[in-house]
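Structure, as structure tokens:
Chains here go by letter, A, B, C and D, matching the order in which they are written, and residues are numbered from 1 within each.
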Amino acid sequence: MNKKSFASDNYAGIHPDILQAIIDANQGHSKAYGGDIYTHKAIDLFKKHFGENIDVYFTLTGTAANVLGLSSLLNPYQAIICAETAHINTDEAGAFEKYTGSKLITVKTDNGKITVDDIKNQLFAIGNQHKVQPKAISITQGTELGTLYTPEEIKKISNFAHANNLYLHMDGARLCNAAAALNVPLSVLTKDVGIDLLSFGGTKDGMMFGEAVIFFNNNLSKDFKYIRKQGMQLLSKMRFISAQFIALLSNDLWKKNAQHANSLAKFLKKEVEKIPEIKISREVQANAVFAYVDPKIIPLLQEKYSFYVWDEITSEVRWMTSFDTTKEDILEFVAFIKETIAEAF
Amino acid sequence: MNKKSFASDNYAGIHPDILQAIIDANQGHSKAYGGDIYTHKAIDLFKKHFGENIDVYFTLTGTAANVLGLSSLLNPYQAIICAETAHINTDEAGAFEKYTGSKLITVKTDNGKITVDDIKNQLFAIGNQHKVQPKAISITQGTELGTLYTPEEIKKISNFAHANNLYLHMDGARLCNAAAALNVPLSVLTKDVGIDLLSFGGTKDGMMFGEAVIFFNNNLSKDFKYIRKQGMQLLSKMRFISAQFIALLSNDLWKKNAQHANSLAKFLKKEVEKIPEIKISREVQANAVFAYVDPKIIPLLQEKYSFYVWDEITSEVRWMTSFDTTKEDILEFVAFIKETIAEAF
Amino acid sequence: MNKKSFASDNYAGIHPDILQAIIDANQGHSKAYGGDIYTHKAIDLFKKHFGENIDVYFTLTGTAANVLGLSSLLNPYQAIICAETAHINTDEAGAFEKYTGSKLITVKTDNGKITVDDIKNQLFAIGNQHKVQPKAISITQGTELGTLYTPEEIKKISNFAHANNLYLHMDGARLCNAAAALNVPLSVLTKDVGIDLLSFGGTKDGMMFGEAVIFFNNNLSKDFKYIRKQGMQLLSKMRFISAQFIALLSNDLWKKNAQHANSLAKFLKKEVEKIPEIKISREVQANAVFAYVDPKIIPLLQEKYSFYVWDEITSEVRWMTSFDTTKEDILEFVAFIKETIAEAF
Amino acid sequence: MNKKSFASDNYAGIHPDILQAIIDANQGHSKAYGGDIYTHKAIDLFKKHFGENIDVYFTLTGTAANVLGLSSLLNPYQAIICAETAHINTDEAGAFEKYTGSKLITVKTDNGKITVDDIKNQLFAIGNQHKVQPKAISITQGTELGTLYTPEEIKKISNFAHANNLYLHMDGARLCNAAAALNVPLSVLTKDVGIDLLSFGGTKDGMMFGEAVIFFNNNLSKDFKYIRKQGMQLLSKMRFISAQFIALLSNDLWKKNAQHANSLAKFLKKEVEKIPEIKISREVQANAVFAYVDPKIIPLLQEKYSFYVWDEITSEVRWMTSFDTTKEDILEFVAFIKETIAEAF
């Protein structure tokens, strides 16, 4: 691939500092399965960012972090309420249903964010033996549509959740992007606003792989080590995930990478807005730019640049930036868009 | 950890050539989820070793390779016949039962190897609706007890299996050790002797992580891409598994690493045999040494060296060697054993 | 309960002819688990009604007939397309997701009936490993909203389904009501129009319990005996389901019972239409009457009569008639409605 | 079938008093799904027999009572310890593994009864994340081998279980036979000796169908109504199970039926013992007689009488008696055995 991609932040490679951490950790033997010093240190760093009372477990994929984490919250006859656009609903190939045996109760949203009212409407069946029983709410921060919840919005949801005996899960595959965009510490969007369970994503912020399942409610985590192993997500040479997290959570690397990606998305948006044939379709709050592009143009652009068509019907596309996207990449891409449009019409 | 461990070959780190391959692959953007050139190249190398007609999919853990692979062979009302000592039965926290909903039919063995007679005795219930229906056999090569199947032994099992409408799976977490010990190409223990499905392990032969699910029967693999994703094992930055496999499967690295580990196990055995208080308990065919050690001595040894007690009742321990174990490590360990015994009695 | 209920057709008891069949079958010993003469005879009768090439298995509940039948059509990474109002989606406590590990893809409808266009819109993800793969369509006949598919409408769906490698399942918990209302044999709504799999309901048409899973495609049924047993639905004293089906399928009892219930629903509708304060909300095609009733009145009516509020927001209720509802029951109920309204306003 | 069968107590039909109870319950409409007066009365009777503090739920099959009950005790990464001969292990087609996703840890026994020592040996892996975690013990009373636990034996197991944070489940498909044989009330074998969860069988003691899941520990039952519905075991016309249980639990019918079957088994044993060519192979404590029969004779006997070969290798057969077996049936059967042997040798 000659060109930088705008398909997803996981088309990028490994941030150099993180790769160096892997290299440095490759010294001699270490206790497998998490008994090593890197894992202990990484957990300490997580506690520094998210509070001392958390329990942290590393998994290999984001789907696993979501699904195994959620499986610790509920029984199969219980259900999760989430946005119709939630990654667990749309892009995990039914992993949630397969692994938990539970049901997702989805609500339509305009912008990927659910509200207390959306949730209220799904609670009518509590106590009815013929219906799945809502047990948790899952929100994504930043959302699959590039939008962000404010801390206040999350707090409202968690207050409602807890008042109704529901847990609150956050899919934080891009939590770093959200925190960087809102310019707040990671705890302000999680611990401080009542999140019970967090899937914290490292891959999309510059790691080679690795996600963390963070429990803010210790009662929920007591058997998670068995869940992780039975869920096929216990890495033997764990130190190599842990070393990556140590790098990511040190020296504000998580924030720098995310800020970079976010700012390049804003820059892309600004440049694209100059092209009259293209219309930005959603607010750009993190590192995703959505736009309506003429369906004739899309395949021509995709000859050189990878990106996803989000909605075939409305001809809406998604462009993601990442920690290594450069202004030059953007300018080159935008020039190519202009050129393609000029030739096409 | 100051000392080399004899706990497991996954206490070792990454072989330098494999780490270098990761570093080299960290260039720019690549299509995620396996659409990259490294993955294509790695698959080509697998075909070189295992035959052109295979289908190959990478997973992140060995448990996942076993469980997801097996799940493609059977329905929940069907069952797998395996040795009681099989890793899928003893060390995967019930992942097989959880994910497939199926049952393992286990047979007792002396040495971790099952025979056609063992299998025959488990087929009495075919056609009986009250009983799970055997659908596949799973063997481990090298076994969990450090023993090896000869190609002829495998062929006998596969002939019987296929004549009885059963598939044959091999858990090859240590297939490299087996092939190196028997001094045969990888295909001789798999494709040539009727294996239908192979879990090929990279981690225990010097990789950071990464396993391969190899289908010798293309009918079985057609939906595996969905199974892998739903099974939470689709890595986004796939190139970093693939690059490792390229290194492992090039320049006979898979064999050199395995031969090294195997020969050090033989060396350890030879040295330990000189200690009258310790009795080697099993034939040493690959990179595991089993021995009876006085129960008073075991915890004293474990103060300096990690290793597993295999059987508390018989006081049998397991010592594993790895690609990076040295003669000095062995001699130092053996000296420590002698010294500990001398002090203890 | 002094009054006849309008809650559901399963508040009724056993039709006298069916009870007599149970009594008559209680003679001596019979082979358990379906090896008895009653089961053979019942299956023969099913073949008379549904065609010689079917395979038939009895289950104990309608939920089981749906879920176990569907489980034989698909793998966990595949999905069923159905109406949002489908019983499998709304009233089976997540049994489908729990047992199959699969996902329901639901489509909104006005009247409980899905169309080819609804289905088409759900096929965009075929081949995409991140998405569940549609494998079958499930329709309910008569629907949960009291409406009916014509044979032509079903045929259109099955043609589309088969052209797109999808199976077509029918939840026929009230198929007898549908066939009676349309005045066609049972085969005209199933075999003749391309149904692959049918859940045939006996309970709501006068049986004590008992449903049939009917396969029109023999390839799909070959392992169903194991699925049924593993699904906890193999009755030991099977003859007592079979005897009931023999009675139901003989002498047009299935039709007489359904016609009776249907005609009483029409009668109820006619009488209720005379009450200006109540508005019939849906077409009455089988044995359900839906109506908007003032929310103040509903609990007053429920003091004497059981029935369900279908939609709290619109204040829509559902009244079901059954094989044993009488004109007197209807007149008494309608009189009570009038009286209650008169007192309330 | 002209002859009474000795295959299983479920080859028998319905006891006349129980059938009459069904007939009597078939009056008008009743609230579905257990809201009827019969169900309330049946539950009251269960409390009379098993203590006021129980929770009782009815299911349709014994497999379902076992599996759904056990599923309320454990998570998928936990396991049940049971005898290798346990019905849940051998004769439920893998329903336990499918539905719970858990593993059965089986122990070999001579007579179908497990002991505290058997259980102790299975607890070594507690706390080890690579291993399933024992969470409950399941015993069968009377066992699948026709033997019985004394109250003291059960108490020893429950004491050990509770001291080790394990629950104790009893598969009581033939609990009535056990209690009748030991001449004790039902509570003496359950509530009084520390059973946490009981599957109480009605079918084999003269009912048409119907089993009860009884929780002696109310914490375990709080969500069982959802489990039962999601488990496809909620009968709509529940009154017809309840009416049967009312009959069974009234006027000592449960005991009379069981005593009758038990005494006929003893009679069969006594008569068979007179035949020198046949050897009774196990103690006859309830309503099963096991015997070694020459393999040439077995198929000849099966031409007229249904029964199971328990072990092909040792040529051991099982003969069951039921509530409706008569002395004449036995004498006729024994005469036929003698005659067959005389002709064969």
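Methods note: a residue touches a chain if its C-beta (ideal position, glycine included) is under 8 Å from a C-beta of that chain, and two chains touch if they have at least 3 such contacts.
Nothing here was measured: the structure is a model prediction, and the numbers come from that model.
Student: Taking each chain's centre as the mean of its C-alpha atoms, give the chain farthest from chain C.
Tutor: It is B.
Student: Between chain A and chain D, tell me the centre distance in angstrom, where each centre is the average of that chain's C-alpha atoms.
Tutor: So the centre of chain A lies 50 Å away from the centre of chain D.
Student: How many angstrom lie between the CA centroids of chain A and chain B, rounded to a whole number?
Tutor: Using C-alpha averages as centres, the distance is 33 Å.
Student: For chain B, jot down the residues that touch at least 2 other chains.
Tutor: Each of 76-77, 92-94, 98-99, 129-130, 132, 226, 229-230, 234 in chain B touches at least two other chains.
Student: Edges wherever two chains touch, nodes for the chains themselves; is that graph a line, a ring, a star, complete, or other here?
Tutor: Topology of touching chains reads as complete, every chain touching all others.
Student: Sort out for me which residues of chain A touch chain D in the complex.
Tutor: These residues of chain A touch chain D: 33, 75-78, 101, 129-130, 132-133, 223, 225-230, 234.
Student: Touching residues of chain C toward chain A in the complex: what are they?
Tutor: 76-77, 79, 90-94, 97-99, 101-103, 124, 129-132, 312
Student: Where on chain A does chain B make contact in their complex?
Tutor: 1, 3-5, 7-8, 10-14, 19, 22-23, 25-32, 36, 60-64, 67-68, 92-95, 98-99, 203, 208-209, 226, 229-237, 239-240, 306, 324
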